[in-house]
Each structure stands twice: as structure tokens, then as C-alpha cells.
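In what comes next, chain A is part of two complexes: it sits with chain B in the first one and with chain C in the second one.
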Partner chain A sequence: MSHAIEKPKDITIPAGSLWAKLPMLGGGAAVIGLGATLAASFGEGRARAMFSYLFAFEAVLAVALGALGWVLIDHTVRASWSTVIKRIAETVAVTLPVFVLLWVPIGTIGFHDLYPWTHEADAVLDRKRWFLSNGFFFGRAALYFVIWSFLSWTLYRTSVKQDTASEGELKGLTHRLWRLSAPGIILYALSQSFQAIDWLMSLQPHWYSTMFGVYYFAASILAFYAFMVLASMGLQRAGVMKTAITTEHFHDMGKFLYGYTVFWAYIAFSQFMLIWYANLPEETVFYMVRNTGGWHYVSYALPVLHFFVPFFFFLSRHVKRNRVALACGAVWTLVMHCVDLYWLVLPNYGTHGEGAHEAVLSVGWTDVAALVGMAGAFLAVFGYFLTKNKVVGINDPRLPESLAHENY
Partner chain B sequence: MTAKSLWGVLAQYETPAAVFHACEKVRDEGYQQWDSCAPFPVHGLEKAMGVKPSKLPWAVLIVGVLGSSLMLFFQTWAMGNAYPFVVGGKPLFSLPAFVPIWYEITVLSSCVTAFLANWIMNGLPQPYHPAFASKAFERVTDDKFFIMIEATDPKFDLEKTTALLKSSGATMVEELEP
Partner chain C sequence: MATATAQTLPNDINTRGDVVLEDPIAGREPLVRGGHDFHAVTEMVCKFNEVEVKKTPKSFLAGLSLAGAVATMFFGYVGYLFWEGPGIWGNNNPVGWAWDIVNFVFWVGIGHAGTLISAILYLFRQKWRTSINRYAEAMTIFAVICASMCVALHTGRIWMDYYLFPLPNQMGLWPNFRSPLEWDVFAVNTYFAVSLLFWFTGLVPDFATLRDRATNKWRQRIYGFLALGWRGSMRHWVTYEKAYQILAAFSAPLVLSVHTIVSFDFAVSQLPGWHTTIFPPYFVAGAIFSGFAMVNTLMLPARHFLGLKDLVTVRHLENINKVILLTGTLVGYAYGMEFFVAAYSGNEYEGFTFINRSFGPYWWAYWIMLSCNVVTPQLFWFKKIRTSVGWSFVLSIFVNIGMWFERFVITVTSLHRDFLVSSWDYFVPVTEVFFLLGTFGLFFTLFLLFVRFFPVIAMSEVKGVMPEANPHWEGYGDHGHGHAAHAAAAEVH
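Moving on to the complex of A and B:
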């Protein structure tokens, strides 16, 4: 028996809160972190610094891409539980256009060092040349960014317009969001799969896996939910939507966090088992590289720490409804997400070209600097848009339903 | 009156709100052996009735973990001891090959437990119930809402219970025979 719940009034970031300072703080972190990484890329350590940069780029991009995918699905299925947190997700997604700038070093400074297909040639690579060629590669990258920028910006602008729309306009705007989202899912799925193939899978150009696109999707939506839980809690601490986001919403975010943890493991294992079983050299090379020089510890730790531990941790309903426990789980998931992406990118360092050697696990300062810088850049843009507009779509037709949401 | 055996009383309500508030009243009076019926799920009714959290998840967890461990043990024993057979040059104990079946059995044992435990805990199948004798109760699948309190309830007292149900907005209260 729910009664109409009053719409929240605490829906703007208070001046002077940490969130309002986020553009400054994040910008500072970005300048220092990315600046240091790029500085290290001049001279001897160029390849190493660029591998750090690519790792940080993909790890942070995952959060923004996960948000875009989630918003598109959310509109398409006409979800109502989530309306109260949807603007936050739209704001995460609208950071995507900035990743164009962040990608530039990968396409210029690091291009040659990162991707062996740019300068190596053999029978296998020659057959793949039509796909892995400079022109097509850059063309595709441009296309991904056009798709992501268009989708995220249109979703965000239309949603913000709803805040001030009249009763008559509101319906049209809502329907525009729905109409855009269903075809948007197709564009999103293709572009995010192919970016994973282009920017991560082609680090080992002889290797291929048809699971890889969805592997990155699983990682990205998982990272997004973890970020979402922490962002919602952080906003509440700053006095935004203190009562509007309830335990019920956190419970649902927790369910998704749990569900996608299982999904990630399912996909990761599906990829591994087929390769392990078939035992073909061009496929096993991916795991061979990750089975030496300390990387095998990470390979064995991932299923345990990224699946079994969170699986049993999130199993209980009480954990998902307890803020402290949920926050701990979200932080854990984000950390493991970074380890996962690190494990995807870094083993390829130094295994190609002159002076090639076996992959060796050695964490460098540029890894940390690049990650801090990239997260800073992302948070700066996120904070900028969050402060600029209301934190919730106050006129969204589904908001009352979302405010009264309850798990039965 | 006393000669007639009594199973309990049945009260009819006209709206979901009425039965919701009546349930709260019956709950607050401390009744244990009672139930409410509605033609569709009334959200929050289980809270109004004071129903304790279900024990079903525990049954699912215990049997799920048990089924899961037994299957892993069985695969290890069958492939490694009972009938050692090398497949594709893989070791006898090849965990990746066991995972799909290990996983399926975990899901299967959990699902079957959830289904069966649900039936057992709800006392199903139940071909006959005293309320079926009531003509009014036929509309429970249509547009009426009901509360029934059993005579075995320690707090049950025919006059007091009837008065309570009437005062809680029941449009009709009748006695049920077993």
C-alpha cells in the first residue's frame, strides 16, 4: 500500500561539497597523472608508459560504456525502478565524448608500440590486413566515437530538457528517448564489441576469440554498477537525494552487481574452456602468455577473487540491503575490474618485436599514475555535468513510480 | 452451537485496502493460525500479516551446496578412479571439463529444491479446504477478499474473533466446519 511520495527537493549539488569541487580535483589528478605518464613516454620507457595508458583508458572507458549500455536498455524495457538514479547514469555516459581526446595518445604516440600488426608481417597477418590496416582502424575508431557521442549526448540533452518541459512536450521527449534507445542498443553492442577487438584483442593480432566483445561488455557493465552504487552513496553523503534513493534501489543495484559478477565469470569461463579444450596453438597463445612470469598468479586469482569471493559475499539479501557491506562489495568489484583489465593489457608488453621476451608481471609507477589520471579526467567531466544540472530527472513520468519502488 | 464442530471463521472484505487494514488488526491482536486470500497479489500484504521471512532460501542453499559438492566428488571419482579414461590428452582430473556439469547440477539441485520445498512448506497439494464449502468464498478468484482464522489458534474465541473481524470492516463473517 504505497501512497504518492513527495518528489525530492535536495536534487542539486550543494556548492562547497566535494562533488562541486570534483571538476577541479579531477582535473588536477588528470593533469598530474596523465601528464606524468605522457612525460614518461618520451624516451626509453615509451612502450611501457603507453601500455599503462591503454590499460587505464580501457578500465575507465568501461565504466562510461557500461553506463551508456545500461541507459539504453533501461529506456527500451521501460524500467521504472531506476528512474531515480537514471540521471546519474546518463551523466556517467555523457563523459564519453571526452574519451576522444583521451584516445589520441593511443592512436599516435603508442600506436606503433602497442599494436604489432602495424609493422609485423607474416602469412596470418597478411590475411588479416584488410581489417587490421591503419586507415580502416582509424576510420572505425572515429565511427565508435561518433556513435557513443551521439547516443550519450542525445540521451543526456533530452533528459535534461524534460526538467523544464511543459506537460505537452514531456510525452514527446519521453517517446524520443524510447525511439532512440532500441536501435541505439544495436549500434552500442556492435561499436563496443569492435572497440574491444580493435584496441585490446589486436594487441595479440594472431589470436582471436569470438567471446572477447561480450567479455569486455561483462566487465564494463559490472564496473558501471559498482561505480553507480558508490556514486549514489557519495551523493547521499553530500546531502543529495537523501531519502529519495532508498534501500530498495540499493538492493536492486546490488542484485545487478551480483548478477553481472556471475555473468562475467560465465563469459570468462566460456572463453577459456573452448580454448583449453580445443588446444589449438593460435588460440592458446592468449593463455600461454598469461601463464608465465608471475602472470599465472593473476590468472589463478581472477576466478577466485573476481567470482567465488563476491559470489558468496553478495549471495545474501541482507548484504545487498546493507549500505556498508554493499559499498565494500562495490569497491572490491572495481579493484578486481582494474586487475582484470590489467591482466588483459599488460602481459603483451615486450612480447613482440626487437628484444622480445616472455611476459613478466611487474607493476610500474606509470600504471598507477595513468589510472589516477584517467579516473581524474573521467570524474572531472562527470562532476562538471552533475553540478550543471539536476541530479534527478524531476519531471520524468516514471519518477513517482520509482520513488515508491519496493521489493516484494 | 457447541455440538457443531468448528474449523474457524471466514470474513469477507470488499477492497484490497479493507483486507490490508484488517490484516494489520488481526496481526496486532496476536493471532498465529490464520490466513488471508485475495484474487491478485496485494502488495505489502505479507507485512500487514506479519509473515516471517521464508526459510526457503536456507533449504535451497543447503541442498545446492550439497548437490554441488557431491557432483564434483562424483566426477573426480568416476573419471579418476572408477573408470580412468584419457580424453584429448588431458589429465584425469581436469577441472575445466567438469565445470559445466558441476554448474548445471548446482543449478538443478537448487531449482528442484526450491520447487519441492515450496510445495511442502505450503502444504500442497491440498485437494480440500474447509473454505471450499462456503458459497461466498467462490468469489475469491473474482473480486472479494477474505481472512480466515482457525479455531486451533490459542487466541481464538468465537465471539471475540467474530467481533474483531466485524469491527475491522468485514461485510460478512461465517463459521466453517472442517
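Moving on to the complex of A and C:
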């Protein structure tokens, strides 16, 4: 309750900590996990391995995209509670340029196996060619990556510049961040919606839903908050910002985790309910493949485990203010996020082309390998940038407000 | 938040006309300007409530008479509707839903801003809400009254409306619980009940203030009755704050649920233009959009005539306009996504509906909607415009118009081109304009009465966000740093 809270001094990653080794460890996991998945893609199991790869890519991309969206919103609403954790989010977002490389196998090795519209033809698909055509598809992918890289890199660089800026420059830099963020939200909203349409919705090219972009947004911002909780706690364990990030900040992160859990459920339920109620065959196909071959267990589990359980869990104030409980909830949310993305991607495996069969749920080793590898690649880059600069924007004009933040 | 700047600003932006740039280093702009203390806030807010009935200003009486006349006309019109039936409207096959439903959705949408401000902004600890929540909530309640009138009157045989409620009856007839129209009945009633409770709970301490200041018996008795024995003790405040927070938590999902269910009215059908999965969040965004515009429409004149410029400042105006810009753009996203998916789906019926919407017989309605909802709000990107009272008022009217037309476009253009070409028709209203006008009369009558007799600004809450409410406050000017904005309303007294 003091009037001026001192700025934290423990704001760099100690040399010997696990975080400093993250680029090595994550890189190792990436080489082994992604290497194994890609190795499996040479041969019989190519399609299966590529479906695993796409699932892992989208599940991890969601965290980075969620972070980008969060930073943009955070600047635009002039938030101050979160300044103390903003650099962490900026660092999550700045991994986005690396996803260009990670995307390459999807556009090359797996392209035909994943996306039936690349080689199938029927009356409906013919009417979709204006959008679902190779050239346009690749062009759009390039555009998304340009937008994400530009936004995340500029936000990160400008923020880092503030660490060494003189008193006079600080204001200008903050204004620059604000000016970029509001229009950035529009670019972000469009690019993240259309990547969801391109890379996930077009797995089932006959199916369409106007809600799909919002669904992916809900999933991604939720996954980001869960990751943020764990990253903040992990950093504190390594002796970084031990007193700067307080229970108050965790409480607020917990509230957002709770809020976005409800938002995800709201979007998921609305999409399902409307399609179920109208019962139009071109729309119900999405839920049909997820209602056969064991997938129905996942379909029934999602609302229970991804909504009802965390809903009642996060409802309590004590849970949000207790680190162990909050960490458990965050891990749970991340696991369910992966299940959600798995449920979006994998049911499409083997349902098109030669030897097409009903969707069957069978978890393969490539699913795990791809996820470990993808998460490793992401964490390696995240760790690299985290070690490179300060973990908090120490000169951010809003930092004092954030350090003094209290819930009452 | 720098407390000192609140008092030492040399030129007040509200009188100077231009606007201070947001300065992250100097801190945030104060929420209450002009160096008022608690007593001055009470005086400002209560002034108009305490004008003797006989001395009510003539201009106010003129406004009330006009609104009252239109409201009276509305009830006359309702009588006419009772007598003649809905044949006095242009509704016919295939356009079975027209202005009745359009007006309903329009009004119920407007209510959402009030609930967003009072509940969601409360949960997000947005302190600026305190200056605008009271009349935004009042707006919600009156808008929901207008909406329920529209929807109750659209049923045809109005005297059978009680069948909407699942009342046991000798014929064993029950409403269809699987119909979203029935969900609507529950959604709107719940919404009205919770909003009213929430509004009233917030009013209790302010009623007590009016009671304590009363100069005649009747005033004292009536406000005393409404104040429910409020004494302002610490125990009262603790209970009050808890109740307020719980009601806010109950109201927050209502912001989403009511208009979500309204969107289900359309979206569960199989009609192209109605059936699309983005409808729930899209309707909610549109509702908040129209509601905030209505907040501006009502707030700007009220602020001017009641002399509340130091309480409802340009900062509030700018925040409201930012929300309008955001939600308008979200609505634009939904329009675009609908159009895109109609093209992407390869579904001929979807494609036809959207081409027909924008270039068919009702093209004019579509382009009014698009320009008022998506194009003109983009002007709020400019700080000059979003901090200008004149521009804000004009653009808020545009949004009101645009959002009415949005509902018209959705309802009528999707219906008028049926699957059966022989039944195609062009809907033309007959007497409906009196219906719409009449609800405005009702709305403004209620609102003017509210302005006259209720404190339009939540005095106790505004005081809670003033620097004086900080337990560490030691007078003006000596604590320009640290956290000032830490004061529960419980600590006001």
C-alpha cells in the first residue's frame, strides 16, 4: 500500500536457469519431434503424419496469435494492470515470423493429403475455385505471415526500444505503439479469421460456417492466457520478477481465463446449436464426421471438460488467487485446447480420396511427436528472445500503475 | 492517476473546446473536472430533481408534452390495432415479419449498452462508467419496455398473449419450448427483471440523499419510501457493495444472452440471410453498437441542459465513441463475413440472397444500413471528431438509423424473395410508421420523467472515483503520485 512501489530489479533471465537453456532444449525437442513426424511423412503414413503436423501447427500457432491479439487490444484499451506482463506477451507474439518456416511442410509435403479441394472436383467445389485455388491460397498465406510478422516485430522492437530510451522519447514510443495497435486489430482480425478458413475450414471444403474465424479466435486467446499464467509462474520460479507479478495480476489473468472459457463455449455452442437446429446437410457434415468412429466421445467430452469443469473451477476467487490451483487450471485449459484443435483437424483424415472411410479416432505417435516438436520450436524462439532482452518493459510509463495494481 | 492535475489544469478542456492529448507520462485525465468537492457533485446532480413541480422549466414541459402526445397517440394506435388486427400493417405472405419485429429487435438492442456499462464495465473496473451508468440503465429499462410492447403487439390476437407463458390451463395447451420465440419470452422477461433490480439497487443511496435534502413532506415520504431505510452506515455499504457485485455478475451474461436469443429467432430457421452461424455474436455487437449510439443521443442534450459537463466529460464522450467505432467495425466484419461465406459456400440460395440484398429491390435499405453502420462510424478514427460534441451527436443519429435499417434488411429482404417465385412480393408499410413513432414517444416520455425525478448520475458512485474518496487523500496538491484510484465506494463517507 506504499505510495511509490519500486521498480523490480530481477528482470533478466539468470544465466544458469532453465529459461536460458530453453533455446537449446526447445530446439532439441523440435529437431526430434518434427524430424520424426516429417520422417514418417516419407512413406505409407504420409497423410497421417501431415494431419498430425497440421494439428500441432495450429494448436501452437493459436498461442502466438492469441498473444498478438492480446497485445494489440491491451494497447488499444490503454490497459495498465497488465504492463508488468506485457513484455512476456510481446515475446510470445514475436515468435510468429518463425511459423513461416513451420508452415512450409503444410504447403508442400502435406498439401494434397490435407486439402481435398486441391485435386477433387464436383459441382460445388467448382463454384469455390475462385477462392480455393493454389495460387490464391499461397498468396493469402504469404499475406498473413507478412501481417503477423510486421505487427509482432514492430510491437516488440518498439517496446524494447523503450528500455533504453531517454525520458523524452518514452512518450513518443508509447504513442507509436498505440497508433499501430488500433488499426492493427483490423489486420489481425481479418488475417487470423481467414487463416482459420484456409487452413482448417477448407479441410472439409464443402462445409462452411461464418462463425469459424471467431471460434479460432476464442480458442487462441484462451490458450494464450493459459500459457501466460504458466510462463509468468515459470519465470518467477527462475527468480525473475519475483515480487513484481503479484497475486493481483494472477487473479486478473484467472478472470480472463474464466471469461474466455465462457466465450469459447458461447461461440462453440452457438455454432453447434444453429447447425443442429437447421439440420441442413451441407452444414451438418462437420458434426457428422465428428459423431462417428469414436469421435463422438471427444465431441461429448469437449463441452464437459473444456467448459463445465473449468467454469466451476475458475468461478472461485480462491482458485484464481492460489498459484497452484491456477496453474492446474491453466495446464488443464492448454490440454483441452489441444484436444479442441485435434478435434478440428484429425477427423478429416482418411475421409477423402482413395480408400476413403468414416472418420475413426485413433491417436498415433506422430500426434505426440508433432506437438512436442512444434511446442519445442515455439519455446526455443520464445526463450531466445526472452533471454535476449529484459523480461519487463522497465521504462513503460504505465509500469508504476501496473505494479500498484490491486483488486478490491 | 495523478490527483493533482485534477485541480490544477489551467484551462478546462470542456470550456476551452480543444482536447488534451493522452499523455502516458502525465497520467490519466481526471474523471471529474472543475475542482468540485462531494457536496458540489450532489448539488449539480440534484439541482433539477429538486426544482419545485410548479416551477418546472417551460422548455422541459414543452418537451414532455410533445413526447407525451406521441405516447398518447401510440396507445390510441394500440387500440386501433386491437380493433382491426394486424391487417393495418403491410405484413403479408411472404413477408410475415416486418416492422413489428424490426422495432422489437431495434429496441431490445438499444437496451444492451446500458447493461454493458452497468455490469460488464463494472466487472472490468472501468471507473469512467460511474458518470454514465445511471441513465444508460434507465435507457435499458425504457427500451426493453418499448421492445416488449412491440413483441406483445405483434402476435395478432393480443388478448391471447398469456399463452406465451407456460400457465397450466384447462385445454392442456403449452407453448412450444423448442421454439426460440418462447426462449425470447423468458430472455426478455429475465432481462427486464434483473435490469430493474440492478438499477434500483444502485439508486437506493441516491434516493436517500434526495430524501435527506427534501424540503417538503411529500418529497421526503416518497424518496424515503424508495430509499428503503438507507442510513449510509458501514454495514449498509458493505451489504450494498456485495449485492451490487452479485447483480453485476448476473447481468453480465444477460448482455450476451438476450440478443443471442433474439438472433436465434432468425438463425435457427433454414432461410438464407437468416440462417448463419455468426448471428449470435454479430447481433450482440450490433446491440451494443446501437445502444451506445442511443446513450450519446440522450446524454449529449441532457449533459448540456442539466449542466453536467464536469461530470460527463469529453473523456467519457471519447470512450463511448471508441466503443461505437469498435462495435461498428465488428458489425462490419460480420456483414463482410456473411457476404464472403455466401460466395465461398457455393450455395446458390445464399449467393442469391446476398446479391438481392445489396442490388435487389431493397438495395436502398442495404446501402443506408452499410453507410450508417460501417462507413460513417469510421470517422471516429479521428480524435477531433470523437471528442467533438456536435459530430458525436450527428453520428449517433446515423447509427440509430443504420441499426434500425439493419433489422429491416435482415427481416424483410430475406423474406420478400421466397423459394417460390410466384409468391415474391414487395413489402410496403401501411400504418406502421405510427407504431415506430409511438414507441419513441413512450420512450422519451419515460426518459424525461426519469430525468425530472431521479438523479441522472449515480452520485455515490461518482464520489467513489474522485480523489477525495482515496483513504490516503490529504487535500489537493500534495500527492501527485502513487495510486489514488483505490477507493471502494464503502469508504466514501
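As a convention for this text, the second predicted complex is superposed on the first by the 406 of 408 C-alpha atoms of A that agree within 3 Å, B and C clash if a C-alpha of one lies under 4 Å from a C-alpha of the other, contacts with A are read in each partner's own complex, and residues count from 1 in each chain.
In this section, contacts are C-beta pairs under 8 Å (C-beta built on N, C-alpha and C of every residue); 3 or more make two chains touch, one makes a residue touch a chain.
Nothing here was measured: the structure is a model prediction, and the numbers come from that model.
With the C-alpha superposition on chain A as described, chain C and chain B clash in the combined arrangement.
In the superposition on chain A, A:S52 makes contact with neither chain B nor chain C.
By the touch criterion stated above, A:N389 is placed in contact with neither chain B nor chain C. When the two structures are aligned on the shared chain, A:Q271 is found in touch with chain C, with no touch to chain B.
Judged by the touch definition given at the top, the superposed model places A:E406 against both chain B and chain C.
Note on chain A: of its two partners chain C and chain B, the one contacting more of its residues is C.
Looking at the shared chain after the overlay, A:T261 reaches neither chain B nor chain C. When the two complexes are laid over each other on chain A, chain A has residues 2, 273, 277, 279, 406, 408 in contact with both chain B and chain C.
Residues 17, 20, 41, 43-44, 46, 48, 57, 61, 88-89, 96-97, 99-100 of chain B touch chain A in their complex. The touching residues of chain C, counted against chain A in their complex, run 1, 22-25, 125, 253, 256, 260, 264, 267-270, 275-281, 329, 333-334, 337-338, 341, 343-347, 381, 472, 479, 481-483, 486, 488. Contacts from chain A toward chain B in the complex involve residues 1-2, 269, 272-273, 276-277, 279, 315, 317, 406, 408.
Note for the complex: chain A touches chain C at residues 2-4, 78, 124-128, 130-131, 170-171, 174-175, 178, 182, 186, 189-190, 193, 197, 208-214, 262, 266-267, 270-271, 273-275, 277-280, 282, 397-398, 400-401, 404, 406-408.
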